[in-house]
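In the two assemblies presented below, chain A is common to both, partnered first by chain B and then by chain C.
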Partner chain A sequence: MISSFGYMTLALAFLLSFYGLVILIFGLIQESPAFFESARRALVLIFPLSTAGILVLVFLLLTDRFDVAYVYSVSSREMPAYLKLTALWGGQEGSLLFWSWLLSGFSLGFSSRKIRKESDLFPWAMLVAFILLIFFLGLNVFLATPFERFWHFTDGGRVLSVFQPRNAWTLTPGDGQGLNPLLRHPGMIWHPPALYLGFVGFLIPFGLAAATLITKRRDGRWIELSRTWILIAWVFLSLGLVLGMRWAYDVLGWGGYWGWDPVEIAALMPWLSATALIHTALLQKKANGFQRWNLSLIILTFGLVIFGTFITRSGVLSSVHTFAGSNIGPAMFVIMGITSIGGLGLLIYRWRDFGPSQEIEFGFSREVLTLFSNLVLLSILMVCFLGVVYPIFSDLLTGTQVTVGPAWYERITGPLFTLLLSLMGLCPLAAWGLTRLNKIRQGLTILLPLSLLVPLLIWLLGGVNNFYALAALWLAGLAAIVISWEYINAARKGLARPDGRLPGALWVPFRRNHRRYGGMLVHLGIVLMSLGIIGLEGLQQETQLRLERGESASIGAYQYTFEGIERFTEAETTTTQAVLTILYQGQPEGALYPSREVYSNLGMAVTIPGVKSNLSLDHYAILVDWQPELPDEATFRIFVNPLVNWLWIGSGVLTLGTIIAVLPKSRNGRL
Partner chain B sequence: MTDEKKKGMSSNQLKFIISGGLFLIAVVILIISATRGTAEFFMTVEELQQSENELQGQNLRVSGAVLGESIYFDTQTGLLHFTIAHIPADEDLAKEEGELSKVLHQAVNDPDNSRLDVIYEGAKPDMLRHESQAILTGQLNSEGVFVAEELLLKCPSKYEEALPEQAE
Partner chain C sequence: MKQHKLIQIFVLSLFVCLSLFLPVEAVRGQTDIPTDDDVNRIAKQLYCPVCENVPLDECTTEACQQWRNLIRQQLSDGWTEDEILAYFVAQFGDKVLGEPPRRGLNWVLYLIPPLVILTGIILLINRLRRPKVDSTNVEESDPYLLQIEQDLNERE
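Up next is the complex of A and B:
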């Protein structure tokens, strides 16, 4: 049977990773590179095998094979093909298989010629990959296999098993239970894979760092080899986070995008440490130091990745992400222990071998500001960690469990994120080494007054008078102006050349120094995203009230009129959809269609907000309550969410910037 | 950076340590003030009712099993009303999903169990239904009703409880 075939491929991949580990250790003891080659071949073979496994699962999902328990639990006949594909990571077993598949894919990176050339690092980095592969493929094979099928006996007994038990027949349910309705959203198609790519992408930097520590190699080669991988993982992690925000905004229907839920925090933490790493990696290159610091950061990042996977997949914490319980908690705990204790142990053991870095002089320089941004990022990380473990510790220390909620996180991280925003504005003004003062003076005399126009205009024209929001918008404006200024200056130099013409000159800064200007574009993306966050956190307006048909509610200059309600039934869902028209100063501005879908077969309902968005704000309405007996009355919650669109646009700019920064250089050192 | 060298610290290093230290102190102050202002005591329904008077005005977090029949949306006030029944502290529940659904079922069907009335301003969450676990953040009002500001729900999936039937 095809599902048994899928299971066999995974089992074979598991055995191969075991073989690889054993032969590799043997090779390391014997100091014989021939064994490394054999291990490398095993590593290369694992990927096609796990690919076959995952393709089998995709095939089972697409062909409605409900005799397979996983397919039964996450798919149903009515679901369109793209959702059936999404169901691959819609449940525990599938998403773990997806994880392992990505792991086996990224492991191929260790086999690349560049890494193989570092013959001292190469076997140890593979060792790390094998240990992780054994663990995750082991989960797929022994604890959470997606290939279990239903069987029944003549006496009516039923069992779950991968292979056919004696005297048992296949049991095929008529239809599956279907994907959790909350997951049926385009954001859910991309959010988990992007996040997982981000998570698993840190495998190569982590493996190389571990190998560096073991071999005491001090030339910083690992960070050169890791640079592209770190940036790629980082951008996927960023996109995964943003797509999750988008999903929350569109589906969870509370008008927000981020709830400081433990699982969200678990994904944010490796992002924070990886962001810190990207910045100090630059210092390692510039100042030839920070070896320990960077090694610590990558180990922290990967430890947090495993911690994040553990939190998401084990269901230990209550959150929007714990869709199902699981039995893999203890096993995940073990690998978490191995990676963090192993990594930390290596760091401590080799601490002295990666001696102190070249000293950096204190002052207004880019080095010092970079270090400071690291400190801020890690403080946010520390606050996040503290928030997650606070209940556990307060319980141990005082006997009462004290928990912290979104308000706590916002009050602490708000100022810290604002500080980061101002650092993004200041940093480009400082130079490597100590800054010549006239450069700053030029920046301050022109750009600072210019940036003050931003809050001033928003205050006068936008009618915004929230002081904190205005201050934050000013800092965002300053950062955007400084970044643009730097870019324009560089482009003008391109224009000054004899062959310099306008559209071409715009590309010159990127061609000259794609890392620097790619990085600045990433900063610009983050500044744009901050606009959306400032809009939602500081300037959101909302109202909740009951309207009769024809009645209206108003927020500021906007008027929302309840025009009526419609009900329609499709195969498995009944949708109740209301229509609210929007008037702005008497002029029509479109309509909102908040709705509520009831999935009769699952007994679940999903509230879908009606959203109409433009660059300055989103209208966002939720159908709170409606009774069939009173069809002409309904209760709505309406939000005006300023600037939200910039959150999504900024993430696009950030991605573009990262792509430019990782583009390979041609031989003459240009793009 | 903060390497304890035999020579002792240079004035340059000292500058780093002092400025970094000052920043960290500021963060710690921020944490302390936020904790004072917003930390919530996690209680069970029983504990809450034992010391009802002392707890008024405190930020609280409480978890309980939702009674399906009690869910009622008041169209006049726009408030959602429901009642939760006592369940044991959270850490005992973090075991298996099957366990949770049993605990919730028992809590709801035991008439001697402590119960707590809740009001919440906002949309009725999709997962608010009979025998779901509600985790509420808010305060007790003078009538002993819990005014929830945040509402988080957990539904044990019933999927794994029984194997499906063969289709005809």
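Up next is the complex of A and C:
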């Protein structure tokens, strides 16, 4: 049977990774490259095998093979094909297989010519890949296989098994349970894969760092080889986070995008340490130091990736992201222990071999500002970690259960994010080495007053009075202006050349130094995203009211009128949709359609907000309560969310900037 | 000297930012007939005692609806915000509060972050080398050298 075939491919991939590890260890003992080559071939072969495994599962999902327990639990006949496909990562077993498949894919990177050329690092880096592959493929084969089928015996007994037990017959349910309604959203296509790509993408930098520590190689080659991989993993992690925010905003229906849920934090933490690493990796190149620091950061990042996977997949926490009834917790705990203790142990063991960093002079320089930004990023990381683990400690030490909610995180991290924003504004002004103050003064005398116009205009025209929001908007404005100023200066030089003309000159800065200007574009993306965050955190307005048909609620100059409600049933889903028209100073500005979907077969309800967006704000309404007995009355919660669209636009700019920064250079060092 | 001034301003602004850690007093004052917004303002600070990780103002379960009605009742009976919060804590424990109260071990949550950050700043500044006197201002006004520096920056 096809599902048994899928299982066999995974079992074979598992055996091959075991073989690879053994042969590699032999090779390392015998110092024989022939063994390394054999291990490398095994590594290369694992990818097509796991691909075959995943394709079999996709086939089973698309063809409604409900005799397979996994397909039964996450899919159903009425689900559209794209959702059936995404059901691949909609449950525990499938998502773990997807994880292993990505791991085997990224492992191919170790086989690349560039890494193979480093004959000392190469076998040790492969060793790391094999250990992780054995673990994750082992989970797919032994503990959480997606290929188990339902069987029944003639005496009525039932069993779950991959292969046909003696005297048993397949049992095929008529339909599957279907995907959790909260997961039935286009976000399901992109959010999990992006996040997983971001997580697993750190495999290569981590493997190279471990190999560097083992071989005591001090020339920093690992960071050069890792640079592109770090940036690719980072941008996927960023996109995964933003797509998750968008999904929460569209579906979870509380008017926000980030609830400081432990699982969200688990994904944010490696992002913070990886962001710190991207910055200090530059210092390693410029100041020829920070080896220990960078090695620590990559080990921390990968440790946090495994910690994040442990939290989401082990069932230790209850959240919208976790799957119930997990039995892989102890196994996940073991791999978390191996990676973090192994990484940390290596780091401590080799600490002295990687020498102290070169001294950096205190003053207004890019080096110092980079170090301060590192400090702030890691402080936010520490706050996140404290918030996640504190409830456990409080329970253990005092027996008091506490909740660490958004209010605490926002209070503590708010000033730190503000500090980060101001560092982003200052940094482009500073050069490597100490900056002459005259240069900054010239810049600041123009840019500082210009930036003050931002909060002033928002205050006068937008009627915003919140001091903190205005201050944050000023810092965001300053950062955006400084970045644009740097870019315009560089583009003007392109224009001054004899062949320089628009729009070609706009590309000149990127062509001459794509890493620097790509990086600046990423910063601009973050600044734009911060506008959305400031808008939602500082300027959001809301009201909740029970309205009769024809009645209105008001927020500022906006008036929302309840026009009526419609109810329709499609298959097992009953949708109740209300219509609210928006008036701004008496002028119509469109309508909102908040709804509530009830899935009678699953006994679940989902609240879908009605949203109307433009660049300056979103109207966002939720249908809180409506009873069929009183069809002309309903309770609504309505939000005005200023600037929120810039959060999504900024993430696009950030992606573009990262793509420019990782583009390969031609021989003359230009794009 | 100017360099030092800049650093002083930077450190000072850092402290201003850190001062935002200080507690903010809760909003008080209710009208006679409590609105949904009055109820939500309080429910926002509480977590659903039965569903994990869901604030009380967002929770759609029947039980939470009743708790919100209870808050409405308490408000119309003239209870203050603090009294209502204290009532929920007495009923369900500290777990219902979205932000842990500042007492006992919970002080760890409020003291450790600023302490770690301050220690980080002090350690970082100590690790950095003291600047040499006047090492930076020698050729400050030489346009030729400025141009070279600018060109070098662009070549990075």
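Criterion: the second predicted complex is superposed on the first by the 665 of 671 C-alpha atoms of A that agree within 3 Å, B and C clash if a C-alpha of one lies under 4 Å from a C-alpha of the other, contacts with A are read in each partner's own complex, and residues count from 1 in each chain.
One rule holds in what follows: a residue touches a chain if its C-beta (ideal position, glycine included) is under 8 Å from a C-beta of that chain, and two chains touch if they have at least 3 such contacts.
A quick note: this is a predicted structure, and the numbers were derived from the prediction, not measured.
In the superposed model, A:530 lies in contact with neither chain B nor chain C. Look at A:296: by the touch rule set out above, it reaches neither chain B nor chain C.
Using the contact criterion defined above for the overlaid structures, shared-chain residue A:490 touches chain C, although it does not reach chain B.
Residue contacts after overlaying the shared chain place A:104 against neither chain B nor chain C. In the superposition on chain A, contact is made by A:364 with chain C only, not with chain B.
Once the two complexes are laid over each other on the shared chain, residue contacts for A:174 go to chain B alone; chain C is not touched. Shared-chain residue A:150: touches chain B; no touch with chain C.
Legend: residue contacts after superposition of the two complexes on their common chain; A:431 is shown touching chain C, with no touch to chain B.
Within the superposed three-chain model, A:400 lies in touch with chain B and with chain C [touch as defined at top]. Overlap of the chain B and chain C contact sets on chain A: residues 253-254, 318-319, 359, 361-362, 371-372, 375, 379, 382-383, 386, 390, 400-408, 411-412, 415-416, 544-546, 605, 607, 635, 637.
Contact residues on chain A toward chain B in their complex (touch as defined above): 66, 72-73, 150, 152, 158-160, 171-175, 177, 182, 253-254, 293, 315-320, 322-327, 355-357, 359, 361-362, 371-372, 375-376, 379, 382-383, 386, 390-391, 395, 400-408, 411-412, 415-416, 544-546, 604-607, 622-625, 633, 635, 637.
The touching residues of chain B, when paired with chain A in their complex, are 1, 3, 5, 10, 12-13, 15-16, 19-20, 23-24, 27, 30-31, 33-35, 37-43, 61, 63, 73, 75-76, 78, 89-91, 94, 96-98, 100, 121-124, 126-127, 133, 135, 137, 150, 152, 154, 156-157, 159-160, 163-168.
Within the complex, the chain C residues that touch chain A are 2-3, 6-7, 13-14, 17-18, 20-21, 24, 35-37, 39-40, 45, 47, 52-53, 55, 58, 60, 93-100, 104-106, 108-109, 112-113, 116-117, 120-121, 124-125, 128-132, 135-137, 140-141, 146, 149, 153-156. Taken together, the chain A residues at the contact with chain C in this complex read 253-254, 259, 261-262, 318-319, 359-364, 368, 371-372, 375, 378-379, 382-383, 386-387, 390, 393-394, 397-398, 400-408, 411-412, 414-416, 418-419, 422, 431-432, 434, 436-439, 468, 490, 493, 512-513, 516, 542-546, 605, 607, 635, 637.
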